[in-house]
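What follows is a pair of complexes built around subunit A, which joins subunit B in one and subunit C in the other.
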Partner chain A sequence: MLWVDKYRPKALDKVLVHQDVAQNLKKLVTEQDCPHLLFYGPPGSGKKTLIMALLRQMFGASAEKVKVENKNWKVDAGSRTIDLELTTLSSTHHVELNPSDAGFQDRYIVQEIIKEMAKNRPIDTKGKKGFKVLVLNEVDKLSREAQHSLRRTMEKYSASCRLILCCDSSSKVTEAVRSRCLNIRISAPKEGEIVKVLEFIGKKEGLQLPPGFAARIAEKSGRSLRRAILSFETCRVQQYPFTNNQVIPPMDWEEYVSEIASDIMKEQSPKRLFQVRGKLYELLVNCIPPEIILKRLLYELLKKLDSELKHEVCHWAAYYEHRMRLGQKAIFHIEAFVAKFMSIYKGFLIATFG
Partner chain B sequence: MFKIISFHLRFDCLSITVCCCYLVLVMGKRPIVVLSSSDDDAGDCNDDDFSLKLSCLNKSKSRTASVPRTRTKKVRVSSSRSHPGKNANPFDEMRLFCEDFGESFTGFKVSAGNRKGNKELWLDKYTPSSLAELCVHKKKVEEIKVWFEERISTRKDEHCNYVLLITGQSGVGKSATVHAVASHLGATICEWNTPTPTIWQEHIHTTNAGLRYMSKLDEFENFVERIRKYGLISSSLTGEQQKPIIILIDDLPVINGKISYGRLQRCLHLLVQSVRIPTVILITDYSREDTSDYTSRCWEDLQTFLQSVGACKVAFNPITVNSIAKTLSKICKGENFRITADQIDVIAKASGGDIRHAITSLQYFCLKPGSITKAPHAIDYLDDGHSLPFGRDETLSLFHALGKFLHNKRDIETLTASDSVLLKEDFTRLPMKMDAPERVLGQAHGQARPIADFLQENVLDFVHEEAMDDAWVATSYLSDADTLLASLAGVQYKNYVAENIIQSTAASVAVRGVMFGNRHPLSSRWHAIRRPMLWQVEQSRWRNKKEILGQRTTACNGVNLSDLSIIATEWNPALKWLGFRAFEDDTRHLGGLVNDDMVHNEEEDEIEDW
Partner chain C sequence: MAPLMQSSQPWVEKYRPRRVKEVSHQDEVVRVLTNTLETTNCPHMLFYGPPGTGKTTTALAIAHQLYGPELYKSRVLELNASDDRGINVVRTKIKNFAAVAVGSAQQGGYPCPPFKIIILDEADSMTEDAQNALRRTMETYSKVTRFFFICNYISRIIEPLASRCAKFRFKPLSEEIMSTRILHICAEEGLNLDSEALSTLSSISQGDLRRAITFLQGAARLFGSSISSKDLISVSGVIPHEVVQNLLAACKSGSFDKANKEVNNVIAEGYPVSQMLSQLFDMVVESDDASDEQKARICKKLGEADKCLVDGADEYLQLLDACSSMIKAFSNMPEVFSN
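The block that comes next holds the complex of A and B.
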């Protein structure tokens, strides 16, 4: 079991990072009822952990007994029926699902399947009608239509079920949905907090941490706790006992992106652009999201760039990132960005060195 | 009340309408009239059947028509005799009906089965009857002749296959060759005739009478079954003369899905295996026009399948312009028309290797509107090849069009800048050496999405080594095109008009953008145009995504569902470092999580140990 899972706090009391939020949540659910919740914050900040702990607080240990179901749904959409396949994770009290997996058909999931689930509500031990909790992940990736239907679902079934929504950025969730939820912002943990967690794990594992080592991991992690713990574990596998100047292994795709960046810096020509495209395809095939590729690529390029060009390059990166969101095939836009960068950089080189 | 009659309309001055089409005209209070403008002997037989079917409904409809050509004449005579007598009244109505159309029908004479007269289709008049008259390439004809001779002489050879597959575009003389060869060898051709297509109204009408609907495929299956069981089609056909028999299957049933394709394939397999009479199957290639079409792909599959089963395949190429021209001038001579060699050449070229089309065009061309005189007259309205009133629409292959866009050939100098808007130097380009891109796109049946993908894949090969700016402009326009196309995806209610506009706009933006951007195209040397790698990438990406989603629950230890991006960017790389050790453990745990407490406890113990 990965340390990330192994040391995931199970109860709200045991949370190390967002203790204040955890305490508030605990107070919120002691009255047995809670409003719809929307957790948002950057990846690796502990949203899921808090949600799991919250569920445990609400329903006790039975919330942890989950089973994975891969169900086929037939949705009747007027003239035709639509087949959907959806993986859900459910206990007796809650169901967790990723509606955005269904792509552009996500609205059917939101409309029909959630309706289906919300209908049969459990009855608790005292014979009182309880409510079911639906955990929806990646709400920000839902299409606008789906978010609209979600709004309706929330109103209609508020008596029998509670929704817990989880997303990276609340700006992509429509105002209507946001206003119907209690928004809980989970900020990225500070580096000091990450260090604290790493030291805690080190103590539990009985590891000797050289001073400053945890801080280096925390710094490298970009304030993502998950990232920090994962690289901590990889360091452990790579070399133990730790030395202070030990290299923290980077993610393979990040290395690949920085390789692409140095390719771009070395030569600017259509032929090189073509080679870069091949490498970008390699990343895309491995399901690295294009937004992340573009962001990382920009980051790597900026590291090597003269400061006078930075502004323009950032402008074009933003421009093509926007295009990418509007468009269909990401490679068109990433490639256009790379081409633009090459053309700017080449002009700059010619201007300075003649 | 419906009165249904059948007529043989002899189009004297010739129609552009295709032979063998059945029109149902419902005109207000008038009865339904079924017209058959058939000129084919075999077709006539069917007509009789058709009318019979309708008049006496209790007659069984199923029919494995295999009427030899020699006997059709007799049937025809009987039919022509019966119609005017029996249905005198409808005949009048027919005339009335014709008068309704007034002047447009003046050139047409209704003649029930009148075969004589010189105003017939040249296509039928000049049907090749001997090998010498065929304008198919000599070698192909020879090949087919040899094949038949072998089959007919060595009848009882068990190891020999008896199926010949002839493929080719329409109008390259596939069936004409078979007929000519057969008559040369003195063989009788038994044709599997297409049963008359059941029109929807007819079907509705006959369902009350309790008749079962039989599709063409059903009938074909019956036919093959019969051939298999009884060897020969029926002894009555061969009868007295011991002539060799050739079975000709001209149009196979239309297939429109996996199931019907499977049925047809099975059927043909049986046929190839069991038949002991030389059998010819004709398949028309449509592949030249559009390879992405499902049905044409089906036909291709079927061809390869038949070959693999053991049929012998002969592919006919389009007929060369020269031999078409030769045939046309022969016909002109026969008809006493004076026509210049240039004109014949134009017609031959416009036909695109389709002799049938060429002859029809010629007849149409020799026609002076209004009067059909045999008097020789000169024809002078053939100025340029573009404004021909006939001729097949020229199509371009997609690759041809892409080549035009990518090579981006332009004139050396600007013609005049006076009429155009003055542009900055950056934005002016030399005039293109081709038609407007939209026109080329139209000729190539170019759809926006694949065009954009192809351009994206290939454009960089055609940009000059140093011209980075050009590459950017081109890619940036492609990015615009992609954004335009994306606005179509996932829209709930389709608005076809808007979609069309967006499609063509996006295609224009992509094509013109690439051409505009590529200011310094490489000197034209040979480039291969690749298939977009993007398609492959998308496919394997989709597969990987499925796989990751499948493993998701395992990766996160079954406690919660993680986002795809997190798994791809964080879990998987980490797991790679950890060498899958932890990963294997996880799968074991998951099994425990699903079931009961006991395993749950065990799992917790394991955590302590680990």
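The block that comes next holds the complex of A and C.
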């Protein structure tokens, strides 16, 4: 098992970061009843861990016995019937799913599943809880219509069903949905907290950590705990016992992007642009999301630029990322950004050095 | 289904006014509607105004007061955005409901006028076609049916519909009225709220009573019966003042790298960027040390960034772009980029 899963805290009492949030959540569920919840925060900050721990707190160990199902729904939408297929993860008390996987038909998923959940009463031997829980991931990727239909269904079926929503950025969740939930912000763990977790894992695994090693991993992780633990494990596989100057391997795609960045800086010509396109395609076919590529590229370029140029470059990055969101094919916009950058940079070089 | 537990009912529902007279701060509407109760006649109505000012409450209250619990089901049709309201529904469901004639049988002390009411909540999210299809229906069945449209933006209601209705604007609630309402709820629920928390609550909810009550309930659930202003801020998703202040200070210092660091920090802490933009906007507009031109430039950029966010653009890039524009505005650098 990966360390990320092995050392995932199972109970609200055992979490190492966000202890205050965990305590509040515990207070919340002891009152026999809980409102709809909306967790938001950057990736790798522990949203899912907290949600799973919360479910365990509510329902006991049976919440962990989950089964994966591929469910089919037939939805009657007026003149035609729509077939929907979605993977769900469910226990006797909760169902977890990713409604945005259904693409533009996510609205039907939202309505159908909640209705189905509300109809089936939970199987509860002790008869303690009168409701089931539905965990929806990536609500920020839901379409407007789906979010709109969520708002009424949330109120209508609140007697037998609680929703736990989980998303990266709450700006993309409509105000109406947000105002119906208790919003819980999960911030990314501070570097010190990451160090603490890494040391805890090191102790459990019986590893000798040279001083400052955990801190270096934490710094490289960009405040994502998941990433920190993964790269910690990679280091362990690569070389043990750890040495003080051991390199922490960066992600290969990040290295690739930084290569692209230095390519662009070296030469600005249509020929180079053509070469860069090949590399960009390489990244895209390996399923690196285009906005991440663009962001990383900006990060790499900003490191190398004079401060006057930074403003302009970051403006165009924002501009093309927005365009990318509106458009269809990402490669056009990334390449447009690269071309734009080349022209700005070349102009700058000519103006300075003649 | 299990009956709603008393505690699990949202306070917004629990303390919703049941009678038109209890609706606070909207005097004109209340006057017209009390008149309606006496004369048992009213025009088509169009309620518009910001969220949380009592539009839906008023419409539901008048319907309940006119018909009473027994006739309510058969006389009132309530449709909102979660129901399907395409052109087909207008042509069939609404039209069929509107066409049924009713008598004026007085029942149980309620006036029960000889018409039915169709409440179209969130009417601004109806398509233009659907609204057009309503035009003739409204006139043909005006003898037996009254329409209540409820919307946030009157500009999204097509002109022919708006001109058929008596329009009422719902004003945002003033701070005093909000406070009396909140204090009333606190007394009922046994909560302790000091005056600082009260003023925080009115300022973060910006005249939206529903929001204020929701925040109050969230805070009460998380932190128990005595609530401080800090608890309210953490529940509401408002960004603490210092964080915004730091970002603004970094922008004023003129250093791109400093601003970039702050932006990274904001993103990592998970603060919603749309909220950040609106709080930045407030602070920039109120700041004393910026010239009018600088303020104008910044506001323009903030608006653009907000639009991009609505389109689904990346939060980090948009905030960074906005900050970089602010730096340039504060240090009076030229605005336009050569294309």
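Annotations for the structure displayed:
Methods note: the second predicted complex is superposed on the first by the 349 of 354 C-alpha atoms of A that agree within 3 Å, B and C clash if a C-alpha of one lies under 4 Å from a C-alpha of the other, contacts with A are read in each partner's own complex, and residues count from 1 in each chain.
We adopt the following convention: a residue touches a chain if its C-beta (ideal position, glycine included) is under 8 Å from a C-beta of that chain, and two chains touch if they have at least 3 such contacts.
Model, not experiment: these values are computed from the prediction.
Once the two complexes are overlaid through subunit A, subunit B and subunit C fit side by side, free of any clash as defined at the top of the document. Using CA centres, the angle subtended at subunit A by subunit B and subunit C is 90 degrees, rounded to a multiple of 10. When the shared chain is aligned, subunit B comes close enough to touch A:273, but subunit C does not. When the shared chain is aligned, no partner comes close enough to touch A:240: not subunit B, not subunit C.
Once the two complexes are laid over each other on the shared chain, residue contacts for A:307 go to subunit C alone; subunit B is not touched.
Touch criterion met: A:52 reaches subunit B, while subunit C stays clear of it. In the overlay built on the shared chain, the residue A:97 is in contact with subunit B alone; subunit C does not reach it.
Of the two partner chains, subunit B and subunit C are each touched by A:326. After overlaying the two complexes on the shared chain, residue contacts for A:200 are found with neither subunit B nor subunit C.
In this overlay, which is a superposition and not a single complex, subunit B and subunit C have their closest Cα atoms 8 Å apart. Residue overlap on subunit A between the subunit B contacts of one complex and the subunit C contacts of the other covers 326. Those residues of subunit A whose C-beta lies close enough to touch subunit B in the complex are 1-2, 5-6, 8, 43-44, 48, 51-52, 64-68, 87, 89, 96-98, 101, 104, 135, 137-138, 143, 145, 226-227, 230-231, 233-234, 237-238, 249, 251-253, 268-271, 273-274, 277-278, 281, 284-289, 292, 320, 323, 326-329, 331-333, 335-336, 339-340, 342-343, 346. Every residue of subunit A that touches subunit C in the complex is listed here, in rising order: 24, 27-28, 31-35, 40-42, 45, 78, 118, 130, 148-149, 151-153, 155, 158-160, 169-172, 175, 178-180, 182-183, 185-188, 222-223, 291, 294-295, 298, 302, 307, 310-312, 314-319, 321-322, 325-326, 347.
The touching residues of subunit B, when paired with subunit A in their complex, are 452-453, 456, 460-461, 463-472, 475-476, 478-479, 481-483, 485-487, 489-490, 492, 533-534, 537-538, 540-541, 544-545, 548-549, 552-553, 556-566, 568-574, 576-579, 582, 585-586, 589-590, 593-594, 600, 607, 610. Residues 1-5, 7-8, 10, 51, 80-84, 88, 125, 210-211, 214, 217-218, 221-224, 234-237, 255-257, 260, 267-275, 305, 308-309, 311-318, 320-321, 324-325, 327-328, 333, 337-338 of subunit C touch subunit A in their complex.
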